[in-house]
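Each of the two complexes below includes chain A, the first together with chain B, the second together with chain C.
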Partner chain A sequence: MENKGPENILNVDQERLEKRREANQWAVAWRRFKRNKAGLAGLFIVLFFVFIAITSPWLSPYPQRSYQTLYEGEAGQPPSLKHPFGTSRSGLDIYSEVLHGTLGDLYVGVGATIIAVLIGLAVGSIAGYSRGRLSDILLMISQIFYTIPLLPLILLAARIFLILVAQGFGLTLILILLGVFGWPTIAFIVRGEILRVRELEYIQASRALGAGRGRIILRHVIPNILTPIIVTATLMIAGNILTEVVISYLGFGDVNTSTWGLTIQEGYTYIRTEWWTTVFPGLATLFAVLGFNLLGDGLSDAINPRLRD
Partner chain B sequence: MEGLLEIKGLKTYFFTEAGVVKAVDGIDFQVGKDESVGLVGESGSGKTVTGLSVFRIVPQPGKIISGSIIFEGEDLLTKSEEEMRRIRGRKISMTFQDPTTSLDPLYTVGDQLAEVIKEHQRELSKKEAMEKATKLIEMVGISEPRIRVNEYPHELSGGMKQRIAIARALASGPSLLFADEPTTNLDVTVQAQVLELIKDLREKQKMSLVMITHDMGIVAEMTQRVQVLYAGMVAEVGETHSLFKRPQHPYTEALLQAVPRIDKRKELRVIPGNIPNLINPPTGCRFHPRCPYAKEICKEKVPQLELTDKGHLSACHLWRDLSLSGA
Partner chain C sequence: MIPVFLGVSILTFTISNAAGDPLAILRQGLKSVSPQVIASLRAYYHLDQPLYVRYFYWLWDILHLNLGVSASGTPVADKIGPWVFTTLELQIPALLLAVLIGIPLGVYSARHPYSKGDVAVTGFALFGYSMPTFWLGLMMIIIFSLYLGWLPSAGAAGITRLWWGSELGDRLAHLLMPLLVLTYVQLATFVRLIRGNMLQTLRDDYVLAARACGLSERTVVYKHALRNAITPIVTIVGLSFGSSLAGAPGLETTFSWPGLGYQFVVATYSLDIPMIVGITVVITVMLMVANLITDLVYGMIDPRIRLG
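Take a look at the complex of A and B:
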C-alpha cells in the first residue's frame, strides 16, 4: 500500500501505519500474548517439557524402568552428582524416570486431548447445525458421558483391558480411555459456540451479501469458535496429565512404561526417609500442569480480539 | 414509476415446536426504480422477515410458503441457490440492525470489504480489492481511510461500524438496498449522520431503498412511500406525505401519535397491548383487540386492501367512517 498522497503528511499517521501493516490476526495475538508474563512463562514451561520429552531417550542415563543402580550398589541414595534426583530403594534412578515419565505423560495428555477434541468437534458441530431430534439425542448422549464418574470408570476399564492388552500398550489404552470419555466438554462448547455464532448478524450479513455456505463456515464460523476450543484443549491437557498421574499412582496404569505417577507410587511408602523418590516426579507433575494452565489462560487472553490493547 | 421489485402474496411461516408462526401472511409490496420506500411496523410485524424473504435467507425453522418475488422481471423464488448467491450483495443488498455484531470481529474492515468485492468480481487481485475497499471507506465519510482499512471492528465506534456496514452493502453497486433499522443502535447525533449518508449515497448511486424501521420520524425523513405492516399483514400503503397527513388506518394513526413531537405540546400516546401471538392471530382484522374504533365486523371479517385515494390503500373496514388525525 503506497502512502504518498497528501492525506498522509503527519508523521504520526505514518508510524501508526507502519505498525498496522502486518497486523494480521495472529501477529496481533502474538503481540498481545508476549505482553502477558504468566502466559509467556507457561509457554516456556510447556516448551521445556516438550523438549525433555523428545530428547528423553538420549538424555536419560538409564533406560526406562531400570533397577540398574541396585546392582551398582547405589539404591536408596539421596540426590548426588551421579544421581541428580537420587535413587529409589528398589534401584530406580529418579532423574531418568522423571525424564522418561515426561514422554509418557505428555503422550497421554496430548493424545487424549486430540481424541477428545476430534470427537467433541464432530458431535458438537452436528448437534449445533442440526435441529430437532438428532440434536437432542446427541446432547443427551453427551450429558450421559459427562455425568459418568470418570476416574472409577477408567480405573475399572484399565484393569479389565490391561489383562487383554499386549505389553507396552497400556499407556495408549489409558490415552484412548481418557479421550473417549473426555469429549463431552468440547462437544458442549462447540455446540454452544455454533449456536451462538450462527445466529450472529455477521453470518446473516455474509449470506445476504452473497457468500456461499462453504466460505461462511470456513471463514466466519470455524475461526470464531476456535478460540475457546484451543483454550479448553490446552487446559484439558493439564487435566489429562493429572488424571494419568493419579491412575498410575493408584497402580492401575501401565507398569512397564515410566510415568510420574508410577514413580510416586514406588516412593510414597518411604516418603519420610527417602523424600526424593516422590518429590521430583511430583514437582514435574506440578510444573507441567501449571505450565499448560498458564499457557491456556494466556492464549485465551491473547486470541480474544475484543480485549483491547 | 417503473417497477424494480414486486412482491405478491408472500407468506413466510416459522414452523416452531409451539406451532406455526405466521410471521408474514400474504404481503404485497412494490418498490419502483430509484424509489425509497419505508417498511414500518412494531417488532414482530414481519418487516425484517419480508426483507430476509427477498434474499431467501429466512433463518430456520422459517420457510417461504407461497407468493412471488419479482425482481427485475424475474421471480427470485424460482432461482437456484447458486443464482441467488450471485444476486445477493451484487443486485440487492442489506445492512443490519446492530453494527456491533454485523461485522466479523476477527477480520479487519478492509478484509471484510475486500471479501464482498472479490465475491462478485473474482478477477480482482487482493491488492486491487483492498484498494477498492479503501475507496469505499472514504466514500462513506470515514477519515483516514488508509489507516481504518487495517483496523478491526472493535477499534471503531458504533457509527463508524454502521458506515462500514453500509460500505460493505454498497460494495458491488446494488440497485436495491434494504436498510434494516440502520440507526436503532446508534446515538441520536450519529443517527442523523448515518441517515444523511444513506440518503446521499442513494441519490448518487441511483439506487432504490427499502427502509425497514419502526420510527415514523425516519420514514418522514427518508422515504417517498410507506407501507405499514401489522402482525404479518399490510395495514396501509401510501405516499409518505399523504399517509402522514391523512392516515386511513387506526394503526397508522396510533404509530404517528406514538412519536414524540417537540413542536406540538401533546400528550404522547402509546398503543395499548402487544403485537398478537402469530400462532393464533386474532380473527378478522388482526388489529381489532387494540383498536379504539373496533366494531363487530372487525372481529368477524378480514379486511381487504381498498383504494382510499390515488395511490393510497388501507386495510380497514371503517376507513370511510373514521376521520383519523395525522402528524
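Take a look at the complex of A and C:
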C-alpha cells in the first residue's frame, strides 16, 4: 500500500477501472457460465473424457483391438473385477476397448469439427463479404452440401476410399469426410453474422483507415463473430461423434482402431449371449455426447442471456 | 432444388466411380467371365466412355425415370419401390407422433420454466438427442426381444410365425420398437426447440397485451403465442424428416428393417453402383419433396408469407 496520500486516490480508482476493463466479454461470459449447473456439468464431463482419451494408452489393461483374453481363457465373461466391463466372446476386453475408443472418437469428433469450422469460416466470410455472383455461387454450394443426405454419402465415400483407394488412412479419413461434408452450418452462421457486422461503424472506420479486405475479415470481423461459432462447434462435436459411431457400427469405419461404434458392432454380433459388449460403449457415447451438448447449451446461455432470468 | 439434385447426383456418381473400373470390381468374385461378356457389358454400361459422358447418359435415363439395372440383374426401380414404402411406413408415423407429443411437452416446459416438470422434460429430451438412435434400438432389442420375448427383433413382417394373431397385428408388432425409438429421438429435438421458442415468445409484449385484455391463459398460449413460436418448428420438422431419412441406415440395419437405409448399406457393402446411385437419388428426391412441403406449410401458417 504505497498510495496512501489523498493525492493518489484518483490513481487507485483508475487502476481499479483498468481491472474492470480487463473483465472483458469472455470473463463476463465465464461468470455467467459458472452459475449454470448444467453447463458446468457438461464441462466436467467433457474434461473427464478428454482426460480419459489422453491417458487411455496407459490406463487400459490391454492394447487396442487385442483379442488376448481369448488366450487367457476369459472370453465372453460378464463384468467382473478383472474385466470391469466384461469380455466379448471373440476375446475383446470391453473396458480397454471403451478407453481406447474414447481417444478414437474424440479425435474424429474434434478433428472433423475443426476442419468444418475452417472451411465454414472461409466460405462464409467470402460469401458474406463479397457481393454479386461469387456470393451467390458459394451460397448455392453451401445449400447443396446442406441438403444432401449426409450419412449415405459418407458411408459410400468411406467404403470406397477406405477399402479401395486410401488404405491405411483409417480414422483420419473418416475425420476428413465428416469435416468436408459438415461445414455448411458454420458457413451460414458466419455469413449471417458478417452481413450483420460489416456495416457497423468500427468496420467502416477501419475501412476508412485503409485496411484491406483480408485484414478487416481476419482482425476485425471474425473475432466479433466467434461466440456463436464456438457454441455451434461444441454442439457439432457431439453430432460428429454420433455420426462416427454410426459409421463404425455399420462397419464402414477403420477396423484396426478401437472406436465405440466398432465395439457396439461386436456386441450386435453376440447380442443374444452378452449384453455388456453393447451396453458399455453405448453408454460411453451417450455420456460424451451429453457432455458436449450440455457444454454447448451452457455456452449458448452464457453468451446469449436473453432466455435466462 | 434443381442445383441440389444435380449436385447430389454428381457427387454420388463421382464418389462411387472413384473406386475404379466397376467391372473389375464385379469380376473379383467371378474370375471365369469371358472377355466377350466383359466387352459387351462394358459397351452396355458405356464404360468405354469418360466419366462425364457416362453421367449424362445416366442423367438422360433418370429423366425418363429409368434408374438402370442393378448388379444383380434386376431393374433398380423395381426393387426400390417397395423399400420406399417400408421406410415411409416407419418415418411418417414417427414424425407425426413426435410432433403431436413434442408440442404439448415443449409448451408445458416453457410455461413452467425451471420447475420440476420442466427439468424432467428437458432431461428426457437431452438424453434423446445425445443417444445414438441405433443403440437405443439395441437396448430395446435386448430388453423386449431377448429377455422378455414380447416383441420381434428384426424385419417388417413375420416369416416363421405371426405375432399377435393377425397379419395387421404382426406388422404392428414389428413396427412398434423402431417406431418408439425414432419417435423418441425426434421428439427430443422438437421439445428442445419449442421450449426455446416459446420461452422467447411468451415474453413478447403482444402476449402481455393479450393477457391484459383478459383472454384466458389457454387462448393466450395456444392461439396467440404458439402460432408465432411454431413457425420455425415447421422448418425443423422438415429438416428432421430429412436427417432421419438420411440417418435411417443405422436404425434400419439394427432392426433389419427392409427400407431404403438398410438396403443402401447392403448395396454399398457389395458395391452395387447402380443401386447405390439409385437409392441416393431417391432419398434426395424425398428430401426435396419434404422441403417443398415444408415451404408450403410455412406459407399457410405464417401470415406474412402469402403466395401469389
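One rule holds in what follows: the second predicted complex is superposed on the first by the 252 of 309 C-alpha atoms of A that agree within 3 Å, B and C clash if a C-alpha of one lies under 4 Å from a C-alpha of the other, contacts with A are read in each partner's own complex, and residues count from 1 in each chain.
In this section, a contact is a pair of C-beta atoms (placed from the backbone, for glycine too) under 8 Å apart; a residue touches a chain by one contact, two chains touch by 3 or more.
Small disclaimer: the values here were computed from a predicted structure and weren't measured.
A.B. asks: First (chain B), second (chain C), both or neither: which does A:Tyr202 touch?
C.D. replies: After superposition on chain A, A:Tyr202 lies in contact with chain B alone.
A.B. asks: Is the number of chain A residues in contact higher for chain B or for chain C?
C.D. replies: Higher number of touched chain A residues: C.
A.B. asks: Could you look at A:Pro223 and tell me whether it touches chain B, chain C, both or neither (first, second, both, neither)?
C.D. replies: Touch status of A:Pro223: first partner only.
A.B. asks: Which partner does A:Thr172 contact after superposing on A: first (chain B), second (chain C), both, neither?
C.D. replies: Neither partner.
A.B. asks: Examine A:Thr278 and indicate which partner it touches, taking first as chain B and second as chain C; both and neither are also allowed.
C.D. replies: Once the two structures are laid over each other on A, A:Thr278 reaches chain C alone.
A.B. asks: For A:Gly210, decide between first (touching chain B), second (touching chain C), both and neither.
C.D. replies: first
A.B. asks: What is the contact status of A:Gln68 with respect to chain B (first) and chain C (second): first, second, both, or neither?
C.D. replies: Once the two structures are laid over each other on A, A:Gln68 reaches no partner at all.
A.B. asks: Tell me the contact category for A:Leu151 with respect to chain B and chain C: first, second, both or neither.
C.D. replies: The answer is second: A:Leu151 touches chain C but not chain B.
A.B. asks: Looking at the overlay, does A:Ile264 come into contact with chain B only (first), chain C only (second), both, or neither?
C.D. replies: second
A.B. asks: Just which bits of chain A does chain B share with chain C as contact spots?
C.D. replies: Residues 306 of chain A touch both chain B and chain C.
A.B. asks: In their shared complex, at which residues does chain A touch chain C?
C.D. replies: Residues 140-141, 143-145, 147-153, 155-157, 159-161, 164-165, 238, 242, 245-246, 249-252, 261, 264, 267-268, 271-272, 275, 278-279, 282, 285-286, 289-290, 293-294, 306-307.
A.B. asks: Which of the residues in chain C end up touching chain A in this complex?
C.D. replies: Per the touch definition, chain C meets chain A at residues 3-4, 7-8, 11-12, 15-16, 18-20, 25, 126-127, 129-132, 134-135, 138-139, 141-142, 146, 196, 199-200, 242-243, 245-247, 249-250, 253-254, 261, 264-265, 268-269, 271, 276, 279-280, 283-284, 287-288, 291.
A.B. asks: Quick one: in the complex, what on chain B touches chain A?
C.D. replies: Those residues of chain B that touch chain A are 52, 55, 57, 59-61, 85-90, 93-94, 96-98, 101-108, 115-116, 119-120, 130, 144, 146-147, 150-152, 154-155, 165, 168-169, 171-172.
A.B. asks: Contact residues on chain A for chain B in the complex?
C.D. replies: 1, 3, 5, 7-8, 13, 16-17, 20-21, 23, 25, 28, 131, 199-202, 204-212, 215, 219-220, 223-224, 305-306, 308
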